[in-house]
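Here is the structure we will look at.
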Amino acid sequence: MSTLANILIDGIAYGMVLFVIAIGLSVTLGLMRFVNLSHGAFAMVGGYCAALLTREAQWSFWVAVPVAILATALLGAVLEVLVLRHLYRRKELDQVLFTIGLSFLLIAGTNALVGPQVQLIPLPSALAGSVDLGFRTLPAQRLLVIGAGLAVAAVAAWTVTRTRFGIWLRAAVDHAGTASALGIPIRTVQCASFAAGAALAGFGGILGAELMPLEPYYALKYLVLVLVVVAVGGMGSITGSLCAAVLLGVIETASKYLASDWGSLFFFLAMAALLAWRPDGLLKR
Amino acid sequence: MTQLLEVRSLDKRFGGLHVTRNVSFSLAEGERLALIGPNGAGKTTLVNQISGVLRPDSGAIHLRGENVTRQHQAGRVRAGLARTFQITTLAPHFPVQRQIELALFERERLTWRAWRGIDSYPALQAEAQELLARFGLRRHAATPTQDLAYGEQRLVEMALALALRPQVLLLDEPMAGVPKGDGARLLAALDALPRELGVLIVEHDMELVFRFATRILVLAEGAVLADGTPEQIRRDPKVRAAYLGN
Amino acid sequence: MNTMTLLRARLQKPDASAPRCAPPSRAPLVALVIGLVACTLLPQHASLLTRVFITALLVLSLDLAVGVAGLATLGHAALFGVGAYAAGIFALKVMPDPLVGLGIGVAAGALLAFASGAFLLRYQGFTFLMLTVAVAQIVLSLAQKARDWTGGDDGLSGFTVRPLLGRFVFDLEGRVAALYALAVLVIALYLLRRLVDSPFGLAVRGIHENRARMAALGTPVYARLLVLYTVAGAVAGAAGALSAQTTAVVGLDSLSFALSAEALVMLILGGAGRLTGALVGATVFTLLHHTAASINPYHWLFVVGILLMLVVLVPPAKAWAWLRSRVGAGS
């Protein structure tokens, strides 16, 4: 019984990490039609910044994390403006090639600057312990991750459906030319969305540092998992990504606990079955 | 005279939208049937169901007596149907002659052959060149289709359909997007269509319709509003009210 | 008639404006000559050349799927890997003859491609791409689990290969291996050139360019793509078998996502769709990797990363054309 509870808690937490990282890629792919395979690198950069700021610069965790997220957002914005926006019109295979090259560059750069060892993010004492919820005691870190994931989902959904920026975004996606003619600042919308996606990926990298260790190859190592979440959840769908991430996270955790010598077989079997059943995404018909 | 094409009680919904309401009509040998109606009447949807791109919810489609309702597009082409698309649908980088040759290879059912090169079928190459000449496209034989003028691309669309030697030809707005002046070659091609062919043409250009059609089918909101000779349609009060205006 | 008129008559093609295909033996002959020259001039690098030829064969098979048929896949390593494992297991448990083993590898690749393709080809685009990843990862997990057959994480080893055709012993320097791999590559290139320029190849290219148009012409789209994907699997399986036979070891990395991604990068680098681009991309990438491998592996990533980004920002074709126009204007 307690194994089941552990699987659920760990699985949902894992799923939340995947969701927070994947949501930016889902937006760029689904809404901007841009294949950005360097997305994993943003998660890596966010994690690395947080690790270095807390360990090397001795900053407080609660300050280092927002700064790391902002730094990642800045990196995303700069990349988008200087380089990536010129690729929006190119063929998909060209985008793949370029962003893989960019990932290689960031991996090599990370190693050159910091070295190949795994980076740990020391948690403040408040998060290192457990929290008594009455019916169960849960590790505080897991609660933070699950809470953060739900918060991100809520904020993202609200932004896209209720704010003017969300309307601008959806209009820009549907028809950039018309949207621009109506006075919507397309360039700003694209850049801001990309930066937000990068920031969230960075946040996810920080949240998941325990489950997905931060080392230079991180940028490409976990990319497949993120792509899977985007595909199963449906490109551009926030709730879809959430459901897909949690479902797949639980399945992967369960298979790690119960059938570890089968590797990721059940994860990918589940993924194939879900995609075959709903090719356009879990929540789209 | 056998009906080349028979459509019986075709019905289709897209969710809440009833796009085809119990449509029935037939097309005989040599007939030129024009399908007209206001925008959104469901003309292209109907053509898509006849050619096999869409499946109707109920009803039947017979091609030369054979029930093709369950068949994919390939089966219907075998049964003698060919169509053109409203939005030009060509292989963009193929030289025009290759695009035509491909249609011929398909017609002759040679596309399972994987050894001899495409240049070693001189009879088919000659037929392709002759077809190009008929449409005045000979000098563009090696031009990629995407580099042709829009009107010439529409001609290639029609040439492809004719290359299949169909008995029934579906033309979905062949003049769509072609400026008034450039349409002469297309009109000439329409006039030169083989006599025995049964042609269903979707069009908005009323001048063309009344000049070309032997019969007119009026579609409005997915249902058949009127079916008759051009004269009957011109005088039909329902049609005037719904479509022709005055 | 004087020589000039004769010459002019010979040079004048019957119909200058009609499209024509290149003869199928041209590219394979060029590849053969270059390969033989390389083998003769650089005998000390025989094992590197073998790796180049085998990688070229893999990327060639990927070009068939991606460049010719338009089926962007990130799971091609599975087809390579099953060929490798099949050939290795066959050499270990049944008989170590290389040509029979090659045939087994081809059959294994073709079988997996047929079985997975029957499912995969019902989907298109991004969904298809992700499903190829799933299939490949499932095959990898199964290979990991079946330790008794595949050796699991330790890999498959301990098998030897009999002399080729009974006479050519696989020497330690690897000269026979290199020529063997080159021969298979050249033959495969010839067969695939014929395939691509045949009516079947034309139909598949038509499906790539405009599926709706092909359906309207009466093409059985699914059937054509399945046959093509099976052929691509057969060629990938051949590459895998060669890899197993020339290195005498098969590891799980032959089924990895990293290999699939690398092959795709090599293909896009060299240019997809004409088969020769695959060879160029594989050669350039493998040679670059080899020269940089002795240095820190991360620095290799730096070089390759910049190269990939440059190639996209300044496409080689455009660069050549610009160069040619400048040189032409100068003279």
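Letters A, B and C mark the chains in the order given here, with residues in each chain numbered from 1 onward.
Please note the rule applied: a residue touches a chain if its C-beta (ideal position, glycine included) is under 8 Å from a C-beta of that chain, and two chains touch if they have at least 3 such contacts.
Here the structure is a predicted model, which means the values were calculated and not measured.
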Using only Cα atoms to place each chain's centre, name the chain farthest from chain B. A
By C-alpha centroids, what is the most central chain here? C
Taking the mean of the CA coordinates per chain, how far is chain B from chain C in Å? 41
Just give me the whole-number Å value for how far the CA centre of chain A lies from that of chain B. 48
For chain A versus chain C, what separation do you get between their C-alpha means, in angstrom? 34
Touching residues of chain C toward chain B in the complex: what are they? 15, 17-21, 24, 194-195, 197-203, 205-206, 209-210, 212-221, 224
Name, in rising order, each residue of chain A that touches chain C in their complex. 29, 86-87, 90, 92-94, 96-98, 100-109, 111-112, 116, 216, 220, 224, 227-228, 231-232, 235, 261-265, 267-269, 271-272, 275-276, 279-280
For a test of understanding, state which residues of chain B touch chain C in their complex under the given definition. 51, 53, 72-74, 77-78, 82-83, 85, 89-95, 97-99, 101-103, 105-107, 110-119, 121, 125, 129, 138-139, 141-142, 160, 164
Which positions of chain C touch chain A when the two form their complex? 66, 72, 119, 123, 126-127, 130-131, 133-135, 137-138, 140-142, 144-145, 257-258, 261, 264-265, 268-269, 272, 298-299, 301-302, 304-309, 311-313
